[in-house]
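Right, one structure below, let's go through it.
Going in written order, the chains are labelled A, B, C and D, and every chain counts its residues from 1.
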Amino acid sequence: MIILIQCSDRVGLVAAISGLLSKKGINIVSMREYVDVEANCFFNRVVCEQYHDPQILISELSSILPEDARVNINTEPQKKIIVLVTKEYHCLSDILVRNHFKTLGAGVQAVIGNHAVLKDICDRFGIPFYLVSHENKSREDFELQLQTAINKHSYDYIVLAKFMRILSPAFVESFPMHIVNIHHSFLPAFVGASPYRQAYKRGVKIIGATAHFVTNQLDEGPIIEQQVIQVDHTYTAADMMRAGKEIEKAVLAKALKLIVEDRVFVYNNKTIVFS
Amino acid sequence: MIILIQCSDRVGLVAAISGLLSKKGINIVSMREYVDVEANCFFNRVVCEQYHDPQILISELSSILPEDARVNINTEPQKKIIVLVTKEYHCLSDILVRNHFKTLGAGVQAVIGNHAVLKDICDRFGIPFYLVSHENKSREDFELQLQTAINKHSYDYIVLAKFMRILSPAFVESFPMHIVNIHHSFLPAFVGASPYRQAYKRGVKIIGATAHFVTNQLDEGPIIEQQVIQVDHTYTAADMMRAGKEIEKAVLAKALKLIVEDRVFVYNNKTIVFS
Amino acid sequence: MIILIQCSDRVGLVAAISGLLSKKGINIVSMREYVDVEANCFFNRVVCEQYHDPQILISELSSILPEDARVNINTEPQKKIIVLVTKEYHCLSDILVRNHFKTLGAGVQAVIGNHAVLKDICDRFGIPFYLVSHENKSREDFELQLQTAINKHSYDYIVLAKFMRILSPAFVESFPMHIVNIHHSFLPAFVGASPYRQAYKRGVKIIGATAHFVTNQLDEGPIIEQQVIQVDHTYTAADMMRAGKEIEKAVLAKALKLIVEDRVFVYNNKTIVFS
Amino acid sequence: MIILIQCSDRVGLVAAISGLLSKKGINIVSMREYVDVEANCFFNRVVCEQYHDPQILISELSSILPEDARVNINTEPQKKIIVLVTKEYHCLSDILVRNHFKTLGAGVQAVIGNHAVLKDICDRFGIPFYLVSHENKSREDFELQLQTAINKHSYDYIVLAKFMRILSPAFVESFPMHIVNIHHSFLPAFVGASPYRQAYKRGVKIIGATAHFVTNQLDEGPIIEQQVIQVDHTYTAADMMRAGKEIEKAVLAKALKLIVEDRVFVYNNKTIVFS
């Protein structure tokens, strides 16, 4: 069982929380806390034994914490995700393989593509694939159909695994901090389109990838994970893209692991990650 | 003020410790704990406000902890170190520069060399240098003279900054877990002499450096910090040595910072590092 | 077309080679050379336009080079590989996905496992899988059956993608420098069995993986590629294994790319890699 | 002796160059070439034995190369540099230590600061220090005085080792591609002032440093070297700055080494680095 607590900071919070759990005989397996001193904000993640009545425990914890406390208890074995894709296979395949061998830490419910090319790999792994083309329709209509396909399944997170369409504010706001994107650059460098082409033109010596939550500021959402690799003058833009894909899939996999294990808090457009 | 606690694990330790501090009105700035489940061992580092009587606090903490608890409280502003060297300048110079600009986190009391070449750089920074040659004398005599030079100063740690002599068991045992060495390889690869030559012959694609506490097993002491860099077939053994020195000084500086900030526990010949 | 030349070094080799190609009107796309000064050995990789008669070109090149010259010309579009596995899926799946989407740079002809668990994933990608169990048979018999399965296909390289059996000297010698292994440690640290367990016990702060050619010295063959990641005291041996698998598949993929693009020379039990 | 050639590409350049050197009996120690296919530009760096008349050799090489060829021959043992600083010691000290022990690959002629605090460390190493304050004077006057101080010495490169003033276009244009700057971010992320503060606010998980040639586009000059390190949510802006300084000095040292060894070509606002 995982308890997540976020509230304004004050003296004695750790003592109060661990004292309450101790009094109720709940053994703590591990406990991580962090205080953002500048923002006076306290973050706490507790892994402990299952407790028979999580709702009671939330009430009791809330009663000893500051008024602004948000307490979540996660007792479910694993999260559910829906993956949105366009044409590139590398991130999706990596997710499907991990899902197939039960090491993703989450269950892939469905894949939705605005092109059909990735249907075949989904079929091979027995995962439902929905084609929702964006062609010849308004963004409203496109997103309505996306929404319809999504709603056929239950899910905790939507993962944009190289989904090359920009989602509308209305769509993004329906799933706050529950849409994860992989951006193919080391943000905030090379925001927007064709980051590898931009990186090539700028002559950088390192390229990267960034997994972040989607907000309505393009490529400006809270960063979950970043990784980089060295490149040099011999790399064409195409070489950078090829090399970058290796990082993209690794970064997205790492970010998903952190999210589905409830290790990520979001605050002030930044993440606190208890890795 | 920094409190370090190490004891066998049991339910409620964090609650007990933070409860006691809270009751005494000592504000906790940050708290890190780790449980080695396999060894049933609990490690705790608390940064908190100064308390007027640390001895009383140690007693009170000990009284609520398991019997095997070791409680240390560090109220001193900074640690003192003595540096042992041979001929290579890169690690020593890096330490002297940081010391000079007061960013080492420790104070260099003296430098002892078994060759004279590094006296000049010590003079330039106004740091006492002692020449203790190993030539034409037994190891016992050599170490006796080392000891005499060391004893002219007070110190918390002895730092071997490319000191190329192997110390006797008797000497090492006089300073258990208080001698820090920088080894010029990614241990446990290339234990012993000429690691760069060994690395070159083996054709490795990565080389590294390791900072560790000295024990009587050559290059087998608890590892504090390791870093690596990529090399390739164009590197001669001399090139590897040159590249490696950049890492050596970075690793030693990082390890010293961790140690003098009381961030390192040693247990079962391994370190717990609250970085 | 790729020309690979290896010979003892002397003045004017590059001029001679590029002069001959220029005279024959063969445009050089790129050229890489390296001289191992200590060993007086010259290595050259030329990417150039196709030439209608490679055999003639080999003769002409040989006639202007030192007597010990080995000249190879590769005109084939892609290499063929056979993959040997045991139970772990991560390296094999990564290879199968790349193979499926035609970005491996090689073609997977077949997979042979000494356990049956990975047959399913091969079936999903339409790749032949042969079960050759090692149980209840001598190593000679086991390897004879391996050989029989291998011989059903043509191939350039045999890839040990977490194949957990040690091959006999006779078997290895049948394919000199054509068997590639992924070892789950940063060699030469932790040679042999259970490297993650060894790494955990030693308390290292970095773990890695090594792709190398197989020779009859266990884990001592020429190293092709190595990568590492940071770990800390919170990693159990199982955590290290999990983290290490991410590196293993990346290292093996990178090594395979280098090999199938003819970028790797072997000399003195080391590799020259024109990456 | 090092020969640097840059010209438009055509078939047979390597053959022509190495043929000429071979004919003149000049032994080539190593040769690196690169063709930017998109720009049709050829870059060549040859390390060879000294030749008694470099001017003749330049003429002869030029006569066999395309008309736009720029041929440089460097026979001097080491470059001279002048270092500009403000208040931060870490990059300057690193340069002074390497200079003192003759491993910089260049000779520091003088240090110029717009504050006086770094005079002391220069004195300790016997390096001339000039105070040129920017206070109470126009940028023209300030740069005139800078120029006067610079002109007291001969030099090949001007190194901005955390010099916190922006130089005028006129000043920069006097030294095209001969002013090297260390920028305290992973460019192009966080151009301009306070990059660590920007990085902190953006919540990045990696920070870096960039060494580049100075042009009249702020922080937009050709990138020579970049390195990064991981950070996390526990880093304050001050922690990021501290960690970043370790990278800054390493990146600047690496870039200087590449430059003074004539390993860097500049083309289309990018660098070709034969590392």
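To be clear about the criterion, contacts are C-beta pairs under 8 Å (C-beta built on N, C-alpha and C of every residue); 3 or more make two chains touch, one makes a residue touch a chain.
Bear in mind that the values here come from a model prediction, so they are computed numbers and not experimental data.
Q: Looking only at C-beta pairs in contact, point me to the busier pair out of A-C and B-C.
A: Of the two interfaces, A-C and B-C, more C-beta pairs touch across B-C.
Q: Looking at B-D, B-C or A-B, which one is a repeat of the A-D interface (more than half the contact pairs shared)?
A: B-C
Q: Answer with same or different: of all residue numbers used at the interface between chain C and chain D, are over half used by both copies?
A: Counting shared over all numbers used gives more than one half: same.
Q: In angstrom, rounded to a whole number, how far apart do the mean CA points of chain B and chain C lie?
A: 40
Q: Cα centroid separation between chain A and chain C, in whole Å?
A: 35
Q: Can you name the residues of chain D that touch chain C in the complex?
A: 11-12, 14-15, 18-19, 21-22, 27-28, 30-31, 33, 35, 230
Q: Touching residues of chain D toward chain B in the complex: what are they?
A: Touching chain B: residues 89-90, 93-94, 97, 100-101, 121, 124-125, 246, 250, 253 of chain D.
Q: What residues on chain A touch chain D, complex-wise?
A: Checking each residue of chain A against chain D gives 34, 36-38, 186-190, 202-206, 208, 222-228, 232-234, 236, 268-273, 275.
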